[in-house]
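Working notes for the structure below.
When the chains are written out, they are named A, B, C and D in that same order, and each has its own residue count from 1.
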């Protein structure tokens, strides 16, 4: 029996939030995965399809507690973590210690950088399991397939970080990343999660546009750590996150210097050609064409040697759950796009 | 000196919420009104234009506490109340008792029905000042100008109630309101106020449509009380409130029986002709054309004797602050549309 | 070899419009269907994934002309028609005549009513193939599985019609449909197709709400024809279509008389229990939970014997392509939800 | 009688488009302006308030033809042109020649740069009245009050250009504009005008985000021409226009180098302090707070010597009609914010 026909069982830690709900969307149709259980500490005992009616007729389970899940660890081959900030630090080492052969794909920010001091300096509190940091591989799938396949623990990149790395990593690998770079990234409101707040209050978000944390956004932590690991260190990224009046997606714009359009295009085609989930194109992508899917669109334009690179992803797709499924496929030897073939919307 | 050239001073109780901010929008350009002070208990000392930058260059004041306001009661001729639910019951009688000649326009639900028991049965708690209920006139301006002009205290109608009464009151007055009526009313998210909640969480509201409290909405209380006061009692209104993915406005649809299009149109033209702020038209209005203003659009269609009446208002405009300004104009003898002439948007 | 494991080939006539693009979304992941070819007369020769990038990595074909398709009729087992109005009348009889064993699922309005005179009276031009009208079965799947399975030609219901029939057909079957009924149906902008027009111009639609063709909408034609075929004729439906500022979905509200909540619920549970794609619930559904899918949500509320039934569907899903796939499954003996299991969005 | 109490009469050429409708919104409440007539060649004879119901009760006029307007030139003191591209070249010289004392404020792109060859190279067709180019003053009001006051002809800046110049002009004047600058500008759909097209088709715009004409946008023509006129020529602006899913407003982000936050802030405070319609602030503005008004918000942030400047305007307000009214006030000696005091929305 070949690996590709094998079916595995997955547990989802934190299935009631947006990232959790999105990983369920993909796993529910993944031909090689069965969902063994789903936790949601604030919804224990509720039908998944009552909270998330899009799963009516698809997922016939109730949310478990974390304790329930720990009692059923032996049922699963892989655990996906979509827990609140800092909670994964506490839960995952414990869980991994009980089942050494278990694979873990963490979609929180907790294990994305190896340096515990950096983590603390960005997030303001000491890391709860610093000795585990080095056991996690940073799962930017397209560039890290070998490491991911060889690892038991994957730290899935953040949404803004993914969109930036999709633009920067090919430049780094090509030795073209240097000097000052400027970037904006416009995110939809689902990036803020499912807890209502002032910045996601519909009357104030629906027709608004604003920036936040300009030049100091915390996602730069993992972006710089990862990009530098590719060998680039003589660049400085000036990044301005912005929030737009839409729900799904991140549209990132990176200004470049020193390459003409055909050179830029060559860099990205070399990096991503053959990738089923990435399309490299001339000109700007439309964000709507990646919404609801794990796909990425990369657009290129230049005027002489001044260039611009656009990246469009769904923050919940490639920016979270979609990439987690890519990493799953990689860890278990499945086809790269398995479970991610359902096309997203065109409108 | 004629009354029309007189200038008065107004105080606004609760200026940081959406209804409060909207009354400020109108008062700021009202040629006969000066804003004496503005309270906001959670924002005491803050610049109004810091919280509400649309007033930069227009309102150069800081929010006061309620105590501050009480100490400066002698500066004003009229108080507008945009307080939280049940707070007006507590504050307004006290305030009115200290300044007997003061005019009060209450934009909360607290004094809209004269029957304290009905109030309690709908809202679940006993009314805090039942003896004051009969002192307030229900301010559906177009039909109650004489009473409003003669009164010191006006209870400004609610937003859903206003849209329903705009449709029902002319039928009642024409003796045509009877039997079963069906109505839907679709509201924008600003009707929920400025406190974030699940139903106004942008990711879940932005592309959604739903109903709530079908057939049992609390606004029927004041609608039925008022419409029955016009002499109609043999009708039953089946009302379904709905929430739409827009910010401003209510679009109400009322099904009628027994009148052809020309008869319906005659009823509404008779009721509203000459009103500067109401347009009666054949066919459906566009909600966008009343947003940001105190105007109302009433549309009429029929197929034989089966009819439908559409009402489009801005929930914060005619549905709250706009009607409050109409009532102010009425109480002080100003032109009906004074302060309400700035056209709303077309897009 | 059992029928369920059989794989068939489908051709799509008109794959560049919204209904065509949506049928492609479902067929692309349907485990028993291979897409043989796709036509789009205005896009002949273009890559499907260039116009519709959501199919990048999924559909690697170019749009054909209608002539190309006719030349390749022998490659397919079933044709889906998503052609412009009145075009199916011209194309489908010709196509069906050339391949007598071919199955045809028409998603246009052309073959939905058997009465050519009625068609002409509603649409203003004579039907181009009246002798074919009676050969088509009206494909309201849940109620017509036997007929659909036995037929070669299915007329797929329209989007508004589907939402109304989902509410009315169970009442008709239960003998409870009589007297005056009032209904509103709020549609998203994708219902207008992909040709820009004033009513779908973003600046004028984005924050708007309006009604159109009140009480005289053309979809009543097929609704009444179908519902009457279930044995009900003593009712009158007063229907007001409305347009909302969202892209996908129809939310329909139907007022009823004479049944309490438990009676209403019993009617709908009896009609739809066991259906994988329909959820019957108490209270209002959220439109967002059906967007992007073939699912329907039916909500019920009543106050005494006055009731209201809500129907939420995606106009392109259950209202068009989703139901077409249900009909395909029915015609070829597949599982009812085959190809429709990918969950839609929750945000 | 002082100039400030004088009342003038204005004619509006092209009042049915969005810029025309917006200038009407401001003129209708301007205490020193009477609207003499309004043209709209495609709507001759129609009631203004039928097309634009927000003017019901405010503007009681019918649209005239251009010929009608020419016949009534002696009624007006100033003409505002909101004509289609290239039409102003044809109409305005003729009109100005017939009434030499007439003031003209052109809101089209036709007279914004003095160099006819540059115009042709950007727009692809020769300028129709090159000898008139030098007679127009570029009306960036805050910096050009003296010239505007002394001129009969004003070329009102474009919307993107205004947002960029608001950021760049103070840097230029302070001698701080040099080297490479990167900027994005996100515009709402009303910037595309009232003619439906693919990029403003609601189903495809409502949840989308994209860039267009990256690095080569035509508005750079007037931006560079104007900014260089302030003495800066050693900078290069890399500008990427983007379109967002909202209706009103432009949010522009400009990256700077070499100044810390307090230095940046000093530059903008020096440029704009005392301006009633501009607020300079630390951090990002919210676009919603300028919508519907002629106000501008300028936000500043920096991390060390890397800075970013945000500009929020309404494309129809400060980006078109609002600035036109500022220029009117300047030409006729009125208060700078006259007619522009009605606060925009907060939601």
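One rule holds in what follows: a residue touches a chain if its C-beta (ideal position, glycine included) is under 8 Å from a C-beta of that chain, and two chains touch if they have at least 3 such contacts.
The shown structure was predicted, so the numbers you read here are calculated from the model rather than taken from an experiment.
J.: Given the two chain pairs B-D and A-D, which is bridged by the higher number of C-beta pairs in contact?
T.: A-D
J.: Tell me which chain's centre, taken as the mean of its C-alpha atoms, is farthest from chain A.
T.: The most remote chain is B.
J.: Could you put a whole-Å number on the gap between the CA centroids of chain C and chain D?
T.: About 46 Å, centre to centre.
J.: Round to the nearest whole Å and give the separation of the Cα centres of chain A and chain D.
T.: Using C-alpha averages as centres, the distance is 41 Å.
J.: Averaging over Cα atoms per chain, report the distance between chain B and chain D in Å.
T.: The computed centroid separation for chain B versus chain D comes out at 35 Å.
J.: At which residue positions does chain B touch at least two other chains?
T.: Answer for chain B, listing residues that touch two or more other chains: 18, 190, 203-204, 207, 245-248, 285-286, 347.
J.: Any idea which chain D residues touch chain A in the complex?
T.: 180, 182, 184, 186, 203-204, 207-212, 214-216, 236, 238, 240, 242, 244-249, 251, 253, 255, 257, 283-288, 291, 299, 301-303, 306-308, 310, 312, 347
J.: Which residues of chain B touch chain A once you look at their complex with the stated criterion?
T.: Touch list, chain B to chain A: 18, 188-190, 192, 194, 196-198, 200-207, 245-247.
J.: Under the definition above, what is the set of chain D residues touching chain B in their complex?
T.: It is residues 18, 21, 24-25, 28-29, 49, 52-58, 190, 207, 247-248, 276-277, 279, 285-286, 289-290, 292-293, 295, 297, 316, 337, 341-347 of chain D that touch chain B.
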